[in-house]
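Both complexes shown next keep subunit A, but they swap its partner, so subunit B is in the first and subunit C is in the second.
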Partner chain A sequence: MKESRLTLLIFLAPTLFFVLVFIAYPVVYSAYLSLSEYNYASDPTPKFIGFKGYIETIFEDSMFHTALINQFKFAVPYFVITFLASLILAILINELRFGASFFQVIFYLPMVIPLSLVGITFAWLLFPDVGIFNHFLRSLGVSNWNIDWYGDPKTALNSLVVARSWKMIGFTLIILLSGLQGLSKSLREAAKVDGANFFQEIWYIVLPNLKPYLLISGVWILINAMKTFELVAVVTQGGPGMATLTLYYYTWKLAFERLDMGRASQVAYITAVIIVLFSWGLNRLFKPEAASRA
Partner chain B sequence: MWKRWVVLSLVVTMVTFLALGEVLRVAAPPWIFKKFPLEEVAKRFEQDHPGVKVELIRVDKWSAPVYITDWKAGKTPFDLFVGGSGSMLAPVIVGEWLEPLDDMLYGNMAPEKFVGGFLAAGRYKKPDGSGAYYPVIPFMGEVAIIGVNTKLMKQAGLWENERPVSIPSWDEEEFFNWFRKLKKVSPIGAHIQIWDREFMQYDWCGPIMAMTGTFLEEDGRGFDVTSDAAKKWLTYLQKMYKEGLGSWTITDDAGYSKWKTGAAGSFYAAQGHIMELVSVTGNESDIAYIGWPGAEKNGSIIWTHSVWIPKVSPNKDLAKQFIREQIFSRHFQQWSFNHYGKLPVIKDFYGEGITWFKNEMPTILAIANASKPIPLFKDLQKYLDILMKYLPEAAFGRMDVEEALQKIQEESKDLDFTDIRAM
Partner chain C sequence: MTRLGDSHLRRFRNLKKYKIGILLIVSVIALVYVSPLLWMFITSIRPTWDIYKFPPSVIPGAVTLENYVYVVTQMEGFGRYFLNSAVVTGVTVVIVVISSAMGGYAFGIRRFKGQNFLFMAVISVLTIPYIMYLIPIYIMEDRLGLRNTWWGLILPYVALNLPWGLLIMRGAFSTVPLDIRDAAVIDGCNEFQMWYKVLLPIVRPALAATTIITFVFAWQEYLFASTLMTKNEWQTLPVGVVWIRDELQTLVYGRIGAMIILSIIPVFVLFIAFRKFFIEGLREGMIK
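And now, the complex of A and B:
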């Protein structure tokens, strides 16, 4: 018995080491930092201040308020576009008799491109003077169409939404498609026999049975919606002004521009709590009944 | 027996050390590699000092504070860093992580040899309050200035006696009429400015400096956001944007692209950035310089990039030798000006050897000599965030001018505006 425990421990040791050093320790230490005042360059050690820092961040830090508002302005359209587009595309591809694999590959391809590269590519596509998109718009006859998509505060955040959705749709599409392909065909055939049209089939048969996959996709999109960093860092650096300042980018700014590790940890933990709360909400919304899974 | 092993180890270490020679690790961002002959001078240094190897390290997206972790452990990935403006280096200067370089200021680097304002940008208060010192030494300078497209200026009738007609004054009608004339021949907009975090400071302070001779509040607590000049400038910015007389971009590339397409008549940027655009326009004579009204007398904003050595570097003396012999050589600094327009910091280097933009030099130097660097407030990073939040909002016409200036005052009232520079 002792030997088997020892063997177990030996095999678990590398993973345990990894989890403890690279996950548990940073989580615990950053939690401690979030309860401290600590400028990395000038303070020798963190100074414990309890929840005072959280209270200041939530109620007094106007940059945090801007980042929070921007984050939701980004997350809502991103969630809706990515979720609906991948669901609609998955349903359509599932209906195809030929070429389904081709479209799966096509839509999945952006997933293999690094997000920073997507940012650079879209920055060029949407460039005001020489970008292809404005050029296309001008070719439609609007001669002075010269929108600076990423440079104008009115359009910058939504332009980021488009770039990120384009990249991420492929992944949720694959998840949903695997769910659709796993559904029993007899259910839809029975609905057809009862006189249901295509849309009624989708609404009453497909979507209720797809709930576990909708939940996974929803949570994944939500987490990504709240983790907006690379695109902002590469394309807009939070600008123009603070028009694209997001929570993750603000965390980075606090940590590596201001070197304020305490405030940076507070914003990171608040973001984590928001993600957990929304994931819990989604879980409640899409949680399948035990009976329907049986 | 163990003594033998110790002696043997020491001998092996010394032989290895002598065989390898000294290695000087010089780090710089990619733009320095492009705009300065760093690789060439590294080879020269190796030739001048047999046994010394210069290892060049290219650092993308660098940030000085990220090296603090190494420095805290007594290590450093480089011995000498070439590059870094004041605001980029402020956190590591405050933390006293850099080697004082005062002992270098003699001979060809004596203080009187420098263009005054440029050397001053490297002088900081000692944290213990016992005077000033040089943790960095500026090796190149920039001045915020307006470059104009001479072809468009001629078409707009803003060209007299082989020189561009300057913006007449800050009087609203005269000011806007000048840009309206330029707008007629420059379809994208008469004027371009880059509103990123770094250049926003110069966008705001340069014109106010030209107008009044200072860009600071009377009590020194931050940039001027309360005077009539400040209100006037923000109102003008907003009006220029709304009328299409000003085109504000948030990246260098977007600004350059507008110029490159030939559709913008003037560009407020660093003199070097504007000179580089000659590669697009094709001829030096396609670009001329002017200042905001009053800039030749009251000045604009200058900034510098510096060389610096981490305190924990094991090769400090060699690094200092490299700075003196190569970074401050006539060849290194003039090459950069003649190819990329970066201003030398040594007065003597402005004469023989300068081959580029000779006709524009008097205007550039007149403005540069009267200019000042931005102070490095202790809470500069927080302050820049507040400015970034409100100034571009107003400049892009999304916020009322009075409201933006009021918000800046409110949110910055508790910041520490102690200047860490010893100006």
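And now, the complex of A and C:
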């Protein structure tokens, strides 16, 4: 059979079209925008200014600083909760003799619910006064407990973390469960024979062998932690004050409310660099064999 | 020897108790885990007076379908959002599946210069913040008049979902045994016939995985939909339901709950029916 260049090109044509027009061109163009001054409402074309915009964003833009700090305040608990919760769940589900697939479906369900609707759902759950969660807390004994979880600057960001983790856990659960199922049974049997209890078995046998999968889920959670948009847009709009202003949401506000495409592209590029640095760093932190698998 | 035997015996006796303990723990966690969704559902089947009484109660004082009836018969916007979501998601899925079946063949079976570089470049799409694409795409669509049209959403959705499809399809094609291809060549197939008649039936599970994953992702997309579709009649469900909530202002969570439940039913049904492919596809994409 003749494998010609022409047929290859035909097979690749749809991929090349979509990637060039909607991925490659936007990446290059927004790089150019990030080096320009461009208000979409008033400027006819972008005006090239080099790195001046980046310097202004990084050193002078106090809202950018707030967004950056908030992003980390969001990312740290988000990472810890999602990582630990899915790890514990994976270990427990892996122990089940029956019902495992039923429980998997339950924990995977939030994956298919749109984040914006997750936002509305949690806003209703955590509603003050008639919200059921506050009612539940009151019935536990604190009679005047009535927290406006998303309206109070002290709790708003962490309440977003909970909703975001709720949706993410299914993804990391898939990764960790497939890692656990891949572990050889004989390894764990041997530990049992040696008299190891359940926790020793997990700590000394399961976790070290799960390392590559822990790394992969870590990287996914991290990438995800930097992309915080839908919940903020739907539930808090960055408020109260600027308590939930994240990098993504700030970028969006700059681009589509202020129409300041230059500044927005700078923040977007800085976010991308942070993501790349983090996933690279996490890869380096672990052993080389883990890095090559990821 | 005795120690070994003892521990075995003890384990055996404790096994049942310990397994039941774990089952119980997982059940409680699962119940807490689905409670937000359950609560939305319970809210959606209550009359308004029952939702806003104080103190609230978990058990409904009355059960009604009036919220669902209202949403389906009185809210024209909701039907329109549903149509937009169905069209945009459906067309996106078709284009992604065809494109990634073609591209997956090129990457998984053919060998060419720059193959790995090109593939890695396509896959890196998944880690870049999507908002980076959104700004130029917004400007481009604004100038071409594509905003507030179905194609204005379908085209970027295809681009964003294609990398995942390619990842799955390349993996499937690269595991097809060589002799199957050789046999096809001997039978006198040309390359397109081999792709269509011989290879595609073999990689059907991967096609199913690509279909369900693309469907789920396109159905729930919010960032592009809310930015590119600024006119209400073009909005999809994830954006439209939020728009209704903001517009109504007065709190009618029963109706909002009904809209949320109706919005996720199609994707729930598909997910439960094809969960094997969905999970396999995600695993393939996330781990490799």
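The definition used in the following text is that the second predicted complex is superposed on the first by the 283 of 294 C-alpha atoms of A that agree within 3 Å, B and C clash if a C-alpha of one lies under 4 Å from a C-alpha of the other, contacts with A are read in each partner's own complex, and residues count from 1 in each chain.
Here is the rule we go by: a residue touches a chain if its C-beta (ideal position, glycine included) is under 8 Å from a C-beta of that chain, and two chains touch if they have at least 3 such contacts.
This is a predicted model, so every value here is computed, not measured.
Visitor: If you count the residues of subunit A that each partner touches, which comes out higher, subunit B or subunit C?
Guide: Per-residue touch count on subunit A favours C.
Visitor: Have a look at where A:F256 lands relative to subunit B and subunit C in the superposition and call it first, second, both or neither.
Guide: both
Visitor: On the A-aligned overlay, A:T236 touches which partner chain: subunit B = first, subunit C = second, or both, or neither?
Guide: A:T236 sits against subunit B, while subunit C stays out of touch.
Visitor: One more residue to check, A:V130. First (subunit B), second (subunit C), both or neither?
Guide: After superposition on chain A, A:V130 lies in contact with both partners, subunit B and subunit C.
Visitor: Does the superposition put A:P153 against subunit B (first), subunit C (second), both, or neither?
Guide: First partner only, subunit B.
Visitor: Could you say whether A:W166 touches subunit B, subunit C, both of them, or neither, answering first, second, both or neither?
Guide: After superposition on chain A, A:W166 lies in contact with subunit C alone.
Visitor: So which bits of subunit A does subunit B touch that subunit C touches too?
Guide: Residues 40, 129-130, 256, which sit in both footprints.
Visitor: If we count contacts the way the header does, which residues on subunit B are in touch with subunit A in the complex?
Guide: For this pair, the touching residues of subunit B are 63, 65-66, 68, 91-92, 94-95, 97, 187-188, 195-197, 247-251, 254, 257-258, 260-261, 263, 381-382, 385-386, 388-393, 396, 398, 411.
Visitor: Enumerate the contact residues on subunit A facing subunit C in the complex.
Guide: 1-4, 7-8, 10-15, 18-19, 21-27, 29-30, 33, 40, 89, 92-93, 95-97, 99, 103-122, 124-125, 129-132, 135, 138, 166, 171, 174-175, 178, 192-193, 195, 198, 213, 216, 220, 223, 226-227, 229-230, 233-234, 248, 251-252, 255-256, 261, 264-265, 268-269, 271-272, 275-276, 279
Visitor: Which of the residues in subunit A end up touching subunit B in this complex?
Guide: That would be residues 40-42, 62-63, 66, 127-130, 144, 146, 148, 150-154, 236-242, 253, 256-259 of subunit A.
Visitor: Sort out for me which residues of subunit C touch subunit A in the complex.
Guide: Residue list for subunit C touching subunit A: 3-4, 7-8, 11, 18-19, 22-23, 25-27, 29-30, 33-37, 39-40, 43, 51-56, 58, 95, 98-100, 102-103, 105-106, 110, 112, 121-122, 125, 127-140, 155-156, 158-160, 162, 166, 185, 189-192, 194-195, 216, 219-223, 226-227, 237-239, 241-242, 245, 253, 256-257, 260, 263-264, 267-268, 271-272, 275, 279, 282-283, 286-287.
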